[in-house]
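Here subunit A shows up in two complexes: once beside subunit B, once beside subunit C.
Here is the complex of A and B:
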């Protein structure tokens, strides 16, 4: 599946958590690739494995979690084969990550300036130059009164400004890939719009690719180029954002699209999905969605569907939708 | 339509004691001169960004917070005069559902106990309790087997159904829904929204739906009120406010809110600069003027009143009639 344009390709990645209740297969055998200068969104409901995928990519899965299979090829290197030191040189420099709650990611007792310059110093420039550059970075993410703000502590900034600082820190070393895990979930609508603009500019101006992890289809519709939809630890559909919104192939994606509140109640009730997400310890046989799927046939309980191309660049894991 | 709630001149100021000796008193004007009517059987959506006072308004209506001044009439009677027995009667008629269902259910009581509580408090006869609980649990599409479970054994969606069941068990007239779907996944959100519509039809409930998610509010509401820093700045029916917003903040909010379809991503958006500021020290004049692309001198000095510019359409903006760029932005009725 790897092509020349690919920056990153994940092949057959599996992650499981060994808990006292049993083995939780949080991510199982997923594959996708991210091209250069692309916003790739990984969407799904809580517990579907989207954050676990991101953590695996950064090699941040910790006990009792374990990467049980697959590889992650980033710029011709398998990230899973690197040692700690090599991985240290990738994190922050080539791949960086922003999280949902920026206050948890910033050190409360350090000024913004010193936190931003902390990353830049790693690139062997003098501390003084780094301090100067920190202010420039703060300006770049469009924080007003950058000089003054650089000397503030995180609690003195609003949520939107904190997220800008995080983005500033993460792009200061011009990474090739930025992982954004629910970057605007904690923010208000008008502030969210400002942050999304910054993320879009990043792609255009620095050429950074973005892996966007979100449950919010609104954000996906606004900025993503391609999407992968996850369900119970598996990717069920990958494709261009327009294809997936207009002609979703997998029954789960179709139902999700129908459950989005797009118009007014006058236009009718929303579609709903029967039942709830299966327990990851005790998954149904065959297709993981079969118990909730309105089209489910007997063979869906027997055969585990593989991702197959339904149209160029549009992959779908459903045996019923196969042409 | 009959008015179920009539609010006028409602103010709620919280005071904060600051300084070394706690002598400096700072006022937070959470609600500043709010006037609003809610009609029987309608869904009134209330939107605005965090700290704009929408939650405070909901709680003040329920008398969970005492207003600083102003009046709230519920079903024709002044709620400020209600106390003791009459307050208890009043509370039977209105109820609330919160954002986080888990923290609004007692982790140590079973679902049955949670549902029985409002009945016991209001002196419902013992022999009635079981049948009322069974009736309500079916109404929210849950099985009776859940009654003897504890909240942590339920999924988020089930917990929210229990919260709704508890809120409607006394057959109230008004339900305040404070971000009831914000902590839920989209497929569960759809189930809850459908449930709310079913219940509204069956019991002729009136909803005050508070949310920051415009797609959800646009779906469920008949009318929408927009709040900004403690003020109600625009109020209109859902189609009108989407196609003809007259307040620049409303336009900014509606046009920057994500549309659930990628074909509209290239639309012209009014992305507001800056941040809402705070109700501790709100800007003079129109509270929105520092962020407003249309602000003039008058906006800096004079606070605009909420005025009627059209049947059912109210707006608090000096320049509401003069702003002509609304048509350049995509309205809701073209979105689908």
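Here is the complex of A and C:
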């Protein structure tokens, strides 16, 4: 799967949490790769391991979590083999991350300006220069009244502005890869559109690749190049946007698409997927989706499906699709 | 922010009263030379044990020393010792608390063990033991009190740090490549500051009380230094004949300690938004 253009490739990555109730394997043996200048979306419902994957990429998994296997190759370097200090040079400089909750992602006791310059100073430029540049960055992410806003405290800004400041900070060091962990979850639709616009520009202007984590197919359709669908810690389908939207192959993907609200159809109630995500401590045998799958056959409970190619670049893990 | 703080402070009566008391004690300590009519060790044997009168506002003790002047000079010792002790113990306590809370694991266990150990002993007894080891003097009082009471800082700072280190903004700081030292200093410490300020204002009166207690027991400041505890213990043998010798330093201790406690209480209300409804 690895080609020369790949910026990042993850092979067989597993993460598990050691809890008192047992070992939770939040992510199990996932593999995917992100090319340069690509927006790669990781989609799935809550608790399926999307964020855990992102944290693992940054090596920010904290106790009791643990990366139990696999490797993460970023620019020909295995991130999992780096030590604590070497990781500091990767984080922020080469890989940055935007978090789910913009409301709490800024230090409440620092003014926006000192916060942003804090991030730039890490690039070994003088404090004065950073101080000046901070305002430019705030302007870049299209915050009105940048000069005045720079001297505000985070609680004086709206959620959207805070998220933009956050993005500004994270892109100020021109990372090669930006992980956006549900960047628009807490924001309303208009702000959402603006944030997505900024992310898109980022890809075009700086050439950053983006790993977009979301559960919103609407966003995916709008900006992603390729998609991976995750279910209960595994990737069930990977493909480019057109392949997946036109011909979803895995039943889970099909059901997810089916449960989207559509403007052009009168359907009455929204469709839902029966049941909920299985307990990650006690996973069902065979295919992890078999309990909820409408097409489930007996062999689904016995064989664990592997990723297989449907078309070039379109992989899917379902034994039923072979026919 | 600061404007806000001042207006909040003015609204809070507890804080105002405490602050007034603190300022008055500070004023007396700073201008002790001017306020006190006599030197603290000036003896007039002829006038020993006189009642409070115009020459001697608080009367005199058995060597004919003016109790008023001694109490006034005593405020210097109380404030100095109190402030130095609090500086030392907060430095130790805060650093250990931050380390334990941030790193967790074995660091946390070791620090917590030491903290619990010092916490489990009554402070005055531990201080007594340390003083007997080092010998009675004001410097050793400072050391012993700092050693017994840093644990209160550690406990609270540790608990706050633990809850802060998982806040999204700390995670975000890590994600853009801040190192641990910067995270602790710029992201965690300022957010723990409100609690630290409150503990400090509450640690100060207890330090003053401990100093006086040790002085009273003869293990702190040595006579003729006018430590409030020392004056009080000098007055005890004459408590029937000349009660003013013991009463006035006692009142001074109570007044000062009350002031700091009120400030602490008021600050807690002002700085903790959760208490506001």
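Here is the rule we use: the second predicted complex is superposed on the first by the 313 of 323 C-alpha atoms of A that agree within 3 Å, B and C clash if a C-alpha of one lies under 4 Å from a C-alpha of the other, contacts with A are read in each partner's own complex, and residues count from 1 in each chain.
In this text, a contact is a pair of C-beta atoms (placed from the backbone, for glycine too) under 8 Å apart; a residue touches a chain by one contact, two chains touch by 3 or more.
Since the model is a prediction, treat every value here as computed from it, not as a measurement.
Once both complexes are superposed on subunit A, the partners subunit B and subunit C fit side by side without clashing. Once chain A of one complex is fitted onto chain A of the other, the partner contacts of A:101 are limited to subunit C, with no touch recorded for subunit B.
Contact with subunit B, but none with subunit C, is seen for A:262 once the two complexes are overlaid on the shared chain. Residue contacts after overlaying the shared chain place A:34 against neither subunit B nor subunit C. By the document's definition of touching, of the two partners only subunit B reaches A:189; subunit C does not. Of the two partner chains placed by the overlay, neither subunit B nor subunit C lies in contact with A:135.
By the document's definition of touching, of the two partners only subunit C reaches A:170; subunit B does not. Judged by the number of subunit A residues each one touches, B leads among subunit B and subunit C. With chain A used as the common frame, subunit B approaches subunit C to a shortest CA-CA distance of 7 Å.
In the superposition on chain A, the residues of subunit A contacted by subunit B and by subunit C do not overlap at all. Per the touch definition, subunit A reaches subunit C in the complex via residues 58, 60, 62-63, 88-93, 96-97, 99-101, 104-110, 118-119, 122, 153, 166, 169-170, 173. If you check the complex, the residues on subunit C that touch subunit A are 1, 104-105, 166-169, 171-179, 182, 186-187, 190-191, 193.
Looking at the complex, you find that subunit B touches subunit A at residues 49-50, 155, 157, 185-191, 193-194, 197, 212, 214-216, 218-221, 238-239, 252-253, 256-265, 269, 271-276, 332, 335-336. Listed in rising order, the residues of subunit A touching subunit B in the complex are 45-46, 144, 158, 160-161, 188-194, 197, 215-224, 241-242, 245-246, 255-256, 258-265, 267, 269-273, 276.
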